[in-house]
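The structure appears right after this line, and notes come after that.
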Amino acid sequence: MNLIDVTQLVAGYGNNAPILHDVDLALAAGKIGVIAGPNGAGKSTLLKAIFGLLNIHSGDIKHNGKSIIHLRADQLVAEGLAFVPQEFNVFESLSVEENLEMGAFIRTDSISDSIDHVYEYFPPLKEKRKQAAGELSGGQRQMVAMGRALMSRPTLLLLDEPTAGLSPLFMEKIFERIIAVNQAGVTVLMVEQHARQALEIADQGFILVTGKNAYTDTGDALLNNDEVARSFLGGVS
Amino acid sequence: MNEFIFFFNKVIVSGAAIGSVYAMGAIGVTLIFGILRFAHFAHGDMMTLGAFFAFGLTVMFPQAGQLFGLPTGFIMLPFAMVLTALVAVLLDRTFYEPLRRNKINPVGMVMASIGVTLMLQGLIRLFGGIEARHFFFAERKDIFRLALPFESASRKIVITEPQILLFVFTLLAVLAIHFILNRTKFGKAMRAVSDNVDLARVSGINIQKVTVITWMIAGSLAAAAGVLLSLDVSLKPDLSFNLLLPIFAAAIVGGVGHPYGAIVGGYVVGFAETLSIFNWAVFLRPFRESLPDWYELPSKLALVPTEYKITVPFFILVVILIWRPTGIFKGKVI
Amino acid sequence: MKPLLNVFSKESIIIIICAALVLFVFSLFGAAFGFRMLAEIACFSIIALGLSIQWGYAGLFNAGIMGFIAIAAFTSMLVSFPVNEDFRQSIYATEIIWVFVKLVMGIVIIWGINRLPFLQTRVALRRLLLLVAIAVTYLIFMQNLEPVASGIEKEAGFIGGFGLPVWMGWIAGGIVAGILAWFVGHICLGLRSDYLAIATLGIAEIIKAVLKNADWLTRGTLTVSPLPWPVSTPGEIGFIASRALYLTITVIMIGFILWLLQRAYNAPWGRMIRAIRDNELSSAAMGKDVNARRLEVFIFGAVLMGVGGAALVTFNSIFDPSGFLPLHHTFLIWVMVILGGAGNNMGTILGTMIVYIVWVMSEPATLLIFEAVKYLGVEWFNWQVPNDFDSRALQMRVFLIGMTITLVLRYAPQGLLPEKIREN
Amino acid sequence: MGNILEVKQVSKSFDALQVINDCSFEIEQGSITGLIGPNGAGKTTMFNLIAGVFHADQGQILYQDKDISGHKPEELFQLGLLRTFQIAQEFSRLTALENLMMVPNHQPGESLVNVWLRSGKVASFEEKVRQKANDVIDFLKLGHIKNELAGNLSGGQKKLLELGRTMMVDAKMVLLDEVAAGVNRTLLQDLTANIQRLNRELGYTFFVIEHDMDMIAQLCSPIIVMAEGRKMMQGSIEEIRANPEVVKAYFGGGVITT
């Protein structure tokens, strides 16, 4: 069974015209899914719709076979979803460690193990644990943001352009960490502008164009699909 | 020497007392500003309400104080705090929450809080009347007069029991707030919501619970400030309106959304008030002989006549808005 | 075409309700009372229109309407009240002028320091000098004013007025309220909207404190009366006739103001204001000076409040600084505007009528109800009635005003007659 | 021709986050210059600095040889420097036509004195503005929706309206922030043609942030590539595609069409 199942989704901001038109998406547990496509195609919108931040006109979103379109954000976190927005994704006035604690807000058990775990994933955070997150660099912020999301022990991690604004070096580090997180059993669904690199680590790729599914296939298949490569991945390879 | 004792009594003790009251009020205002993002105009009336709860309990059980050797009004303080906290949560549920759900703009929320303040005012005066009342109707208000071990000091330092209780309570309240905000899960969540409400939501923080806790803290601190102030002076139903401006000034001076700033702001406003209405002629009198002949020493030489005390917080507010709109500590909202 | 028809019918229903209310008051309390109420409604309407453009056109939250009313009423009183000969002939008439000449000199010096070329780069020094200059000016002014003020109080009561025609007083009142708005707006309009509410609230309290305590200027709690009327007074031609005349004048004023407002609103000016309200960021990028325009609207509204306030206080014929109440002179007006529909002139006027009639009628109604409560309480429970029972009972009106605000915000945030959206 | 805009060693940070880092470039008068770079490279921040929404921490921005760092948006508008927004910023409760008509500054009808006392002057100017707005509406082929409230328009129509607003006055330089996003292909061709026409016929200089490489390739020369808050390189589309560093930072799998 798929962990996340989006069927015929039509959604938009408020009561304005919908941005997503009949979008389908399905991802099995333990996989990495990548949503790619040109700007304005509704990639981030799809992620936000899954996380209940949008007005859903029709269609359904199922997590573990259960419809989640009527749940509030905190209920979604309890369901095992976690979301890292693209911008403003850390609490700037809180310390790194407090940011992580906030990620574990819904948990009632001890969280110190999980904090140590996050520090293992992202070693640079350990020495900055007492520092305010607002004082960190872009790459470190991204680590805090991902760490915060992992603190709720999610089964499905949604990442909105985790490498935006990062240097190529940092980008590779972040991708490496995403793979590590995935190998620990977390299903990852991410929007990525660096489509080629992202598809290389993806099990499943979804290419959206103007709010509709354009191509859906495995990462490798998409990379090797001439038409996709020509239209969306650029001639350079 | 006597002049300094006079100064100490009039400026330091009174300023610290009123400053503590402002600080406790301003913490509530600043928390609500930070988390719910509107200026809560009904805060003054929550103070009055708290004081009336305590007064009502004092009238019902006038002997309670003797058991502990403290003023009865002070014994009733925790109960008044709980009651006011409940009222605050109730007010939020009935009046503010539906508006938030309708996504009304912050100014609409401010106006709703003015509606609430009028309703509270109406009810308080309907049941409580409009005359001033005193907590110490059945017992004696202890006033301590401390003599200083100096020969030249014939005056005594005067401090009342309610003032001492006020200082002690404020200190405890500040420590408690510090502890809550930095050590408890919900306190940290409050800071997180104040920092970035959207991220707090997607992190799974239950905004509703945080809101409730914010109102409980704000409500109980407001009640405490109201009770302790009316213990020291008297309980007047129009207490609230005169407190509102200094409290907002304190919150803005300290930097909106910044609890420690609110404390500092409270004392800044409190001392500014007592300093500006202090009669500085007292300090000149000893030098009467050495002053030039043409200078006639006025009997009163205050920066601001007492009846214009209300201008002081306003003046501070205006200066801050011009000079540094984010307040002393860098506040959140401009 | 259909929505337009709906709006029209809604409007006419409300007009019929208003007319019925007025008829009811006239038949129950007589024409003299009825005209008095209508004249007051007219004055309140002018104030409410001022608020309606501040809030409805530009979204500015003025929580200190009372201050604008009070200062305008004072100005109007000062301009139109007969000359106080005792004061005119005393030595203080010249001395008070000197005090203010010194104040003006001080202000000129302060202004000069601010402009001194060699200080432009030395910010800290300039601030220090400014602070010292302000402090010195303030202290000298206070020192000089004190004896003169008490002298005036002792020998002449207060300074009296200039004895000019009433209409000049009203205009002066509007201008002074506008100047006050300029000061407040200059400081607050660039900041978060809540700050304006706090600042105006403070201004109102300060103006009230000054008017109440500066006895040499206002007679303080002794009050100034009778204020001259622009038309024949009841003493000359009777209550009904004189009040009807007064009403006529104010209605003509409302007509003129409505003409000004409609014209401005339908012009490019109105389009610009709506654009700014819609999208501040984009308006600024399109070259509109957002803050200057807000200031303009704020001043415009304040001028109307001033004129309306001066007319209201003149009608009551007594200037009583302690009579200015935030409830009556700020929040009642807020209820009128939000109930009627901010930004809709007709709605504002109808809202004013409904709210004021209900407000006036609520006094006897409340007392009646509480009399009944008292009667039952005494009869059945042998209740000890507090001796300030009646004044307590009237607090129910405060409660009702607050309740109306919250209910309107919740269930009809646009008011009875929402602002119309224009289509070309 | 000379440079209309020069950005000299500009830096800007928000709290601790350095968004623009010692960035310098020039824009030639009469050109259509593209600005590309990965998300988060600081492109929109750069626009906001030029348009006066933010002020640079360090460095200078010269527009027509005049230092404009510290100018407010409305002052820049007076100087003929206009911008559109990444997310369309329409006046939602004004009609499409009114959205255009509000643009010209110093309309006589914007002064209350004129409105009340000189209605003739106001009306005649208003007629001219209306005429112009109608022309622009026709030019953009939006005649059928000119009396719709702008809030009800589709994303693409709002974008066109944004471009239309720049046509209401004699702009010298226009900053376009992702005009193509959310606009369908046929409309995009119109938009591109319109931009070129404005550039050719009215001498507008355009500075364009765009992700749609089709449009960039067709429209812009030169193209500035930004990464990590500074200019990485500048050149024609061919030069940029040939630069391995750019390919790594930006195209290495990004959205690019040939």
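Should a chain be cited, it is by its letter among A, B, C and D, assigned in written order, with residues numbered from 1 in that chain.
Going forward, a contact is a pair of C-beta atoms (placed from the backbone, for glycine too) under 8 Å apart; a residue touches a chain by one contact, two chains touch by 3 or more.
Note that this is a predicted model, so its numbers are computed, not measured.
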Any chain that touches chain D and chain A: none
A-B or C-D - the one linked by more C-beta pairs in contact: C-D
Computed distance of Cα centres, chain D from chain B, in Å: 50
Mean-CA-position distance for chain D and chain C (Å): 45
Interchain centroid distance [CA atoms averaged], chain A/chain C, Å: 55
Interchain centroid distance [CA atoms averaged], chain A/chain B, Å: 46
Touching two or more other chains - residues of chain A: 92
Chain contact topology (line, ring, star, complete or other): ring
Touching chain combinations (by label order): A-B, A-D, B-C, C-D
Footprint of chain A on chain B - complex, ascending: 185, 188-189, 191-192, 194-196, 198-207
Touching residues (chain side chain C, partner chain D) in the complex: 260, 263-264, 267-269, 271-272, 274-275, 278-279, 281-290, 296, 300, 421-424
Complex contact set, residues of chain B against chain C: 33, 38-39, 41, 95, 98-99, 102, 104-108, 110-112, 114-123, 125-127, 129-131, 241, 244-245, 248, 252, 298, 303, 305, 307-308, 310-311, 313-314, 317-318, 321-322, 325, 333-334
Touch list for chain C against partner chain B, complex: 59, 61, 63, 139, 143, 146, 187-188, 191-195, 197-199, 201-203, 205-206, 209-210, 212-213, 326-327, 331, 334, 338, 386, 388, 391-393, 395-406, 409-410, 413
Chain C contact footprint on chain D (complex, rising order): 51, 53, 72-74, 77-78, 82-83, 85, 89-95, 97-99, 101-103, 105, 107-112, 115-116, 119, 122, 126, 129, 146-147, 149, 165, 169
